[in-house]
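Got a structure for you, questions after.
Chains here go by letter, A, B, C, D and E, matching the order in which they are written, and residues are numbered from 1 within each.
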Amino acid sequence: GGDSDEGTGAGSKSFAAGSTMEKLNKAQKIKIGTKFDQPGFGLKGLSGKPEGFDVEIAKIIVKELGIPEDKIEWVETPSKVREDSIVNGTVDLVAATYTINDKRKERIAFAGPYYEAGQNIMVRKDDSSITGPDSFKDGTKKVCSVVGSTPLEEIKKHVKDVATQVVPFDTYDKCRDALKQGQVDAVTTDNVILLGYIAKDEASFKMAGDNFTKEPYGIGVKKEDAAFRTFINDTLEKAFADGSWKKAWDNTAGKFGATLGNPPTVNRY
Amino acid sequence: MNVLIDRFDVFAGGFWLTFQICLLAAIGALILGAVVAVLRISPVPPLRAVGTAYVTVFRNMPLTVVMFFAAFGLPALGSNADFLRIPLLDQVFSRLGADLPYFRFALIALVLYTAAFVCEALRSGVNAVPPGQAEAARSLGLTFGQNLRHVVLPQSWKASVVPLGSVIIAMIKNSALVGFFGVAGDLSQSADQLTSAEGYAFIPVAIGISIGYLIMTVPLGALLDRLEKRQAVAR
Amino acid sequence: MSQQTSVLYDVPGPRQRRITLISSILAALLVVVGGYFLIYRPLDDNGQFSMDLWGPLVDPSNENFALVWERIGVGFGNTLIAAALAIGASLVVGTLLAVLRIQLRSLTARRFTGLATPLAYLLRGLSTLLAVVTRVCVEVFRGLPVVLTIFFVARGFPEFGISFDTLWYLVIGLTVYNSVVIAEILRSGMEGLPGGQAEAAAAVGLSPLQTTRLILLPQAFRIMLPALISQLVVVLKDTSLGFIISYEETLNIGKQIIGALGNPIQTYLIIGVLFIVVNYSLSKLAQYVQHRLARGRKTAGTPAQNPPPAALTAQAEGAGGI
Amino acid sequence: MSTGEPLIVLEAVNKWFGPLHVLHDVSLSVGKGEVVVVIGPSGSGKSTLCRTINRLEPIDSGTITFDGRPLPAEGKALARLRSEVGMVFQSFNLFAHKTILENVTLGPVKVRKEKPAAARERALALLDRVGIANQAEKYPAQLSGGQQQRAAIARALAMQPKALLFDEPTSALDPEMVGEVLDVMTSLAREGMTMVVVTHEMGFARHAANRVIFMADGQLVEDAPPAEFFANPRSERARDFLSKILTH
Amino acid sequence: MSTGEPLIVLEAVNKWFGPLHVLHDVSLSVGKGEVVVVIGPSGSGKSTLCRTINRLEPIDSGTITFDGRPLPAEGKALARLRSEVGMVFQSFNLFAHKTILENVTLGPVKVRKEKPAAARERALALLDRVGIANQAEKYPAQLSGGQQQRAAIARALAMQPKALLFDEPTSALDPEMVGEVLDVMTSLAREGMTMVVVTHEMGFARHAANRVIFMADGQLVEDAPPAEFFANPRSERARDFLSKILTH
């Protein structure tokens, strides 16, 4: 947003005494975990600052906390370290294409969702043999995803032989390269991530079929911090309403041609 | 601590894969290193220059960079390292569920990098033979080849064993990097898998993984210490 | 090298020189042709010489040139910071560890005569225990991959509620490993000194600690200086492991640049060259220092000092060497 | 020159290296001001004998007393004893990282806690005495072997020892340099320093020693004034040894 | 003993090590059966002189002829020459990984292509001759210095050389062992072997040499029969050197 200086500084907003919001506002500093290699959501490029939808959503929350944007410390949180980073207090919150699910709720809490993605499959442009997750049933096609991610676990349910068909890498970039070079036949993960790759290299890749899961993205916070979660939920609803949510999308992931649809309903569990 | 028992298969599998990678890489590195060492002590200056350049490049570059190079450079040159798909090896790979270019790339990087150190270990062995030995051989009238075969090499080999062993130990440790590099299922990647994805407590997993590496490195190190002490006494 | 060749080969005569010349020309041709077909052609065929890929790295007029090099500068700065902190900490800890281990050796041999018997036994037990503990630590940390020590530090510390910047995880991880290696370098330097040095010190009446501090350690530092500088190379290389804990060193920044520009070969080549230049200079420095030390030693009839054990130097160079 | 009063007394000393019996019931008394030369074939235990006297080698049985007191086993007391018994080694063993002057002052300053300035004063006098005052600021590696050995003698003298032990002080030297070191040793002997000298220099033994001791296989085989020993060795072994050494 | 016919002839030989002029216009002729002892201070170029004769060191100018032919520069011819000129080093340089017997037979079998059995026969005879026949199956490290050096002499003799070069063959030895090596050398000299011997053993020079050569600073300063040289050295430097060596 352009009006970022309005209403920032210590004590610029009033929060309940002892709450996380008050602490952060007093400190005028916040650490946010996001991805650095996720086009459209969190990508650190030549500018040295991460850019993307997750980043914009985080900035909206930070603004609501009364902290100026340049006081944010961005911390790289690849998929596998997200829970640990929250639990250990390495970051104050995580916005990193973070799918809400029950297993994760055992260790941390989610605000949101602020976006509903779905798992999809990316294949080489000239490949018509894969049309959906069931194409892996015959036991020949290899599919790649990232260690520790939900899509990896999901796709395991659709393949015949996990050991030979599922190829786990540590980043999606490697999966993409492997697909391009023919070492695997497909990459599966959330549609938005795949859209980012397709947008960058339309000559090589395409999507195979529709989303076959629902992946609601949430903001990860400490499990016991209900007040902070409520605050973020409020902030998100406000952003849905005032159009800043839509604006954030259009400036980032929206550029890849993905549709946004209606705002999701935040889940105040 | 239960994880050590419950998921023993993961630890054992990781150990086995790491062991196999190390074995393959060690064989490759020994062969390549010997070739480079021959280049480096050959009397032909351009060959010597090639050997020296090789060692300079690979000794001064982080293995990480070599690995990235192998992984991104080879494909860009249009190769998936298919030349490594030698029938027998290929079988081993696929049984590991690792019949993947990344496995081969990692192997290539490990071999290229380690070979530079193997070369230096072999060369240090040749240098360790006292000059008097070669001089005495020459003054008996032995030719260059005879000198090498009967006097220098048999002795340099002994002097090389310990440094070579250390290089291999270093290589075993370096192999831990492949797990962070896309080769799934080796020891170090198992650590990651168990703690991040499956949520096991960190400390027991760390202990288990450490034991896996120490089983390979510590006895080998102790053996080398013994060998070195024995050689020191014999001298 | 010249010394070594002269041991293996006679000074060449005219015929030998001719043979060498001819095979040199052949070899040079072979290298050029091989380089063309194995490296240049594949690169060219795949369009890797295109200015689109090289421009941001080598062409100052390219719009991204300044940005890219600023990022690389930041990354390399971080690399240097981490390496400097790690080597400094390793030196301090390593020296203490080496002195401790040497002292413990003479301590465990002591019988503490003159003290009451139970106290003497207690002291002897304590020093033996300490000796065993340090020994085990050394073996364990020397036998573990540095990648793992870094990873364990980054994961383990927060487990106990201690959390720092990633820089410090990297520095601690590197220090754990390298201080042990440096301790071993120094210890073997002290043990490799001619036995007469310690004996002469004892004969003058210096205590064991004085002997270590005034006689052995300073000399071990000097003799092992080349090995210590080589260790600096190892540390510099090992900082690149920071990428596994998301520390923004050179290689990590390189990944980001590649993410934006899609030119892995070119970027990694530049980064590789950067490392080679810095590390090569350091190894040259080590060689120069070694030469000077060797010359200083040769000028007169001092008994030759034992060279550092082969295993150790090789391991020091190869070991962390990632 | 000897006052007769014993300074170093060894009684029934035994020493093993593992299974090897290197000192075999050795008893020996060296009086104040006496110069004793020890000779014998290689491996006969001469160096070991010499090194037990300042306890660089501990012994397995028997007693050694120095100036009336038994040798302390360890700690401060041992360091003090050692500072009273100077030792000169075959390979000089100068501290390679210190200048000649620092080599000589180190003991007095660190062990005897002398003032650096005073120690320096005395060190320079000693270096002058052994004829290398002009080398004071150099490092050992810059000196010839003969100069280094003389520096080592100065270093030992700087502690004002009651006795000096020499273990083959000239056998690592080029032949031209042997003389300069023996000259210094001879003058020390003349001035009444108590000395135990392991050496193969028969000339020195002949004209500077009060007694010659012949060792073989860890045993003290003969103990006689030099004139008597060289003219008329009593044992077969000594005769044999002398014939080997003196033939060529 | 010398037949007068020259075997080794050096003419105006010069040799530099970088800027260092180590051999300075050296001319020298050694007749068949002659024994020449080379003495001189350390660094005067004695070893270098010795090593140029079998071209372990190439020379920069001048000529060296052996048995009438100039030294070949390389290859087979050089190897053949070297097999005709035996060399004995200060530090023995026995092949550490081979037994004494293997050390002695290696040259005959590999260079002269003798039958192993015959070579072995002869090797044992030679070992017997130098008095170490019973050590034939041991490794060099298991022998004393004197024994090693005698084995090295046997190794050189096994090639049936026309001349033998010795570079300080006794200076790495314990004094008792010097004799046994010199005895072997003396008997070789008596039997008419042509020998060039760098040594500090004046006794050997006196009674076994036909000529003594004194070198200083790379120059051949004196060349005289031993009796003449020791009684009456002509140059100042030789006098000075002798006085230092012979005092004690």
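Rule of thumb we're sticking to: a contact is a pair of C-beta atoms (placed from the backbone, for glycine too) under 8 Å apart; a residue touches a chain by one contact, two chains touch by 3 or more.
These are the chains along with the protein names UniProt gives them: B, C = ABC transporter permease subunit; D, E = ATP-binding cassette domain-containing protein.
Given the structure is predicted, the values throughout are model-derived calculations rather than measurements.
Shared contact partners of chain A and chain C, listed by label: B. Here the chain pair with the top count of touching C-beta pairs is B-C.
The most distant chain from chain D is A, comparing centres defined as mean Cα coordinates. The geometric centre of chain C is 44 Å away from that of chain D, both derived from CA atoms.
Rounded to whole angstrom units, the spacing between the C-alpha centres of chain B and chain C is 17.
We define each chain's centre as the mean of its Cα atoms; on that basis chain A and chain B are separated by 39 Å.
Once the centre of each chain is set as its mean CA position, chain A and chain E turn out to be 84 Å apart.
Each of the following residues of chain C touches two or more other chains: 10, 12, 155, 159. For chain E, residues touching at least two other chains: there are none. Residues of chain B in contact with two or more other chains: 72, 135, 138, 180, 192. Interfaces, counted as pairs of touching chains, are A-B, A-C, B-C, B-E, C-D, C-E, D-E. Those residues of chain D that touch chain E in the complex are listed here as 41-42, 174-176, 178-179, 182, 200-201, 203-204, 241, 244-245, 247-248. The touching residues of chain A, when paired with chain B in their complex, are 80-81, 83-84, 103, 107, 147-148, 163-164, 167-170, 174, 177-178, 181-183. Residues 71-72, 75, 80, 94, 97, 99-102, 180-182, 184, 189, 192-193, 196-197, 199 of chain B are the ones that touch chain A when the two sit in their complex. Taken together, the chain B residues at the contact with chain E in this complex read 130, 132-133, 135-143, 146, 150-151, 154-155, 158, 234-235. By the touch criterion given at the top, residues 36-37, 43-48, 75-78, 81, 84, 88-90, 173, 200 of chain A touch chain C in their complex.
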